[in-house]
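Shown below is the structure under consideration.
As written, the chains take the letters A, B, C and D, and residue 1 is the first residue of each chain.
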Amino acid sequence: MIEINLLLIFIIIAAIAAIELKDLLSSVVAVGVAGFGLVISFLVLKAPDLAITQLVVEILCLIILIRATIKVDLPFSTSGRWLVNTIVTMVFLAVFLICGYKALLNLPSFGNPVMKTSVFYLDETLKNIHATNIVSAINLNFRAYDTLGEATALFAAAIGIMTILRKKGRLTKEDKENESK
Amino acid sequence: MQFIPLLIILPLGAAFFISLAGKNKDTVCDIFSTVITFSLFALSLFFIFTAKTYPGTLVYKVGGGGLPGGIVLVLDGLSIFMLTIINFIAFIINIFSINYMNRFSAKYKFYTLFMLMVGGMNGVVITGDIFNLFVFYEVASIASYALVAFGTEKEELEASLKYTIIGVVGSLCILLAIAFLYAYTSSLNMADISLSLAQNNLNSVVIFISVLFIAGFGIKSAIVPFHAWLPDAHPAAPAPISAMLSGIFIKSLGIYTLCRIFYNVFGMSSGLSHLFMFLGALSIIAGGLLALGQSDIKRLLGYSSISQVGYIILGLGIGSPLAITGALFHLFNHSVFKSLLFLNAGAIEYATGTRNLEQLGGLRTKMPVTSASSLTAAMSISGIPPFAGFFSKLLIIAACIKSGYIGYGILAIIGAIFTISYLLKFQKYTFFGQLKEMNKNIREVPIFMKFSMVTLSLICIFGALAIMPKAAGYFLKPAQESLTRTIKYADLTTQVLYEK
Amino acid sequence: MNQNNGMSLIIKTITRLLIGFILLYGIYIVLHGHISPGGGFAGGFIIALSYILFMLAFGKEEILKRVPEGMISFLESLGALMFLAIAVLGFFGGYFFSNWLPKGIPFKLLSAGTIPVSNVALALLEVSLGLFGIFLVLVLLKFTPPKKEK
Amino acid sequence: MLTYFLCLILFCVGLYAVLRKRNIIKMIIGIVICEYAINLFLILFGYRMNGRSPLYSPNQEITSMVDPLPQALAMTAIVISLATTALLVGIALRIYEKYGTFDITKINKLKG
């Protein structure tokens, strides 16, 4: 699977560009590049449902982020202890990477998942549910309760944004009087 | 048994319905949400008695699927204990907000988010599936991020941003841990994971996953190295939400999940228990010290929450049945008196318009109900003997000494002294002393706010009865047993599942 | 339609031609979620994206006239309530969320019980969230940020 | 193994941006990158060598399919991450409107 490694390196480069570029619009575009790299890797890894969803979500995210940053120019402040903080963060990340690497060594190797639970889905979906898209069947039949939670999370985010966008948070005395009239 | 999904259906349905039809109908929303929270409370009381007559664990198969593929809901002693606390406090806070939230615009959005938060917390507590736990954890978190910024002023937005970013990093840790856990055990059901982890030795994957879980859930429970969001988010939120966050949110999303994962799924090891004890003691001391220096009431109470959560973590770390009983009892007490104190702070702000201790004073004569209930809560939290708080702290300290951790016991006693001193400061500057000129013509708060404060202070006084052997048999004992019998959780759940 | 808002005439004409196809494609993806890749999430977003294309081509005023804020939040709540209702109706099959509708024949459009219905409910939710994204962008950018010193 | 490690590096890149950058939009970008890494992890854990995508097609033998469960989980995770990202952007824009900046060192009404 050399292609997936190459794609990952491509995504990493795009991600580094996204966080290091000075111009905000360019960095948002770089995130888009990383996201489309991700879509292609999903296709390579045989997850077409996910590729479609990620593609569409990516576009929506990009539009929101681009519109948010399009008129904004930013000076980047570098505080006095820039070097110290960066070194501390780097050391922390290095420790995290080493621990993560050791943990990865004990996982089943790439390409050979255990699939203890999933055998059930592969057997049941066509036989009992009569659906042909297994991922859809898992999302909306076997684990539909998860999807309810996920729909609720979306709903909560939408209501939350509407709440945050209110022009006036608190009612003043005049507002109350107007209301009672 | 058939009623278990109602714990989710009711709050979520109420949330969707209020947002669909509740605009500009504040009174209808008030009544509707009060009825819903009350029926949730009644339902959880019903489960206490059902679980008593029904030996073992209540299990519900969502969609009828059963173990290999489906999601199961598991109600054991600990879940029912948490459910009762969550729904009781939510009911009281709902009554409080009928009057209090009139100061803000768009009340129906408040109720929608409130219901989503309650639904999310119920979902976290009753589920038996680790990914489902994450999903409902996110529902409750997203609702709380938005509720912290409900006032949409500068400080509130900033606090909410800080809280959201820290919270999202925590969620990322949890999701990564779940991905690793799935790759390692190829299962998502917690009982199943527990069984397959018990077959393997402790190795680097399990340690890495544990660290990620501690970081993720530790952020929500505000243990000291991860506490940065709490002192900002609690003061910024409206008072009912502060009470909600401090009273039940950090417990159901932080402490409950830590208990469930480390006691029932991974199993406690000695290293883990030392880590818990260390973090708990650190939280007690650091939270107490920082609380002493605050002049904003809610900020003081926020740091106090960190300190009191430290007691619970310390008790859980020791791990003997006595310590766990103490920790759970302290959890119950803390959710009662800390919500009460936050509601008091809200009442003071409602009446005087400020939370700064230096501008208050002498409110005892003007606001007798608030003053009396706040005094009750303060005495209970600082451990004056007849109140409930005394017994829980005593149990934890006694367990420390009994298990041979004298040092931690002394630290806990020092923490109790800190607690008394900052609460004395709060009481003295607020209710005693000279009445300030600007506060001459304030009035006591409206009836519903009074009602909820009085109810909570009655619980503070009579809460100590919960530890009596007969009452504890219904409430505390099953919760404690579901933690101490480590492997029993998995066995009971799978046994019930495969029976039918 | 006001000619001065939005982009040039060519883009507007092309958009008018394309939007129907995009909508149709989105609906196709939603309805075939249980047979082919896609489903409620992806399809719903595709439908929402057609509206975003509309906004980019014709400007804010047109879309706010057609899709007011109240309607978006109504759709949102309706989608969520519908999904919950499907779940509760599962009690007919004995369990919360059970798949109680007749399963039909595999590879046909009307098969797999409640899955297509859930897909539609989810799509409603997603469409409204996508529209909501537009709303977010529109309302916020109307504010003028305070002047900076630099 | 190299593949997993590269994915972990991607996660660290995102984490670095969240921990170290002082600009809200950059922090959001960091969070988005972390989410990419986790979704990719889920799919990588479920990949079976020379597997097929989890779709049945008529008149065809079922051979080895990749693990469908992580794909379903990743779908849920993507949508939830979209929700949190949208909420974060909303808060960030509102802060921009109030303070006139995305720089969190200049947003300091709260201390401690």
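By our rule, a contact is a pair of C-beta atoms (placed from the backbone, for glycine too) under 8 Å apart; a residue touches a chain by one contact, two chains touch by 3 or more.
In this text, all values refer to a predicted model and were calculated from it rather than measured experimentally.
Identification of common neighbours of subunit A and subunit D yields B, C.
When C-beta pairs in contact are tallied for each pair of chains, A-D comes out on top.
Separation between the centroids of subunit A and subunit B, computed from CA atoms only, is 28 Å.
With centres set at the average Cα position, the gap from subunit A to subunit C is 20 Å. Subunit D has its Cα centroid 22 Å from the Cα centroid of subunit C. Centre-to-centre spacing of subunit B and subunit C amounts to 37 Å, using the average Cα coordinate of each chain. For subunit D, residues that reach two or more other chains under the stated contact definition are 15, 45, 53, 55-56, 69, 75-76, 79-80, 83-84, 86-87, 89-94, 96, 98-99, 101.
Residue positions 12, 16, 19, 62-63, 131, 135, 138, 142, 145-146, 149, 152, 157, 160, 180, 183, 188 of subunit B are each in touch with at least two other chains. Annotation for subunit C: residues touching 2 or more other chains are 36-37, 41, 73, 76-77, 80, 84, 87, 96-97, 99, 106-107, 129, 133, 136, 140. Only residues 73-74, 76-78, 80-81, 84, 87-88, 90, 93-99 of subunit C touch subunit B when the two sit together in their complex. Remark: subunit B residues 5, 9, 12-13, 16-17, 19-20, 60-64 touch subunit C in the complex.
Put simply, subunit C touches subunit D in their complex at residues 36-37, 41, 106-107, 129, 133, 136, 140, 143, 145-148.
Within the complex formed with subunit C, the subunit D residues making contact are 53, 55-56, 58, 75, 79, 86, 89-90, 93-94, 96-101.
Interface of subunit A with subunit D (complex): residues 1, 4-5, 8-9, 11-12, 15-16, 18-19, 24, 27-28, 31, 34-35, 38, 41-42, 45-50, 53-54, 57, 60-61, 64-65, 68-69, 72, 74-77, 79, 85-86, 89-90, 92-93, 96-97, 100-101, 104-105, 107, 109-113, 115, 117-118, 121-122, 125-126, 132-135, 138-139, 143, 146-147, 150, 153-154, 156-158, 160-161, 164-165.
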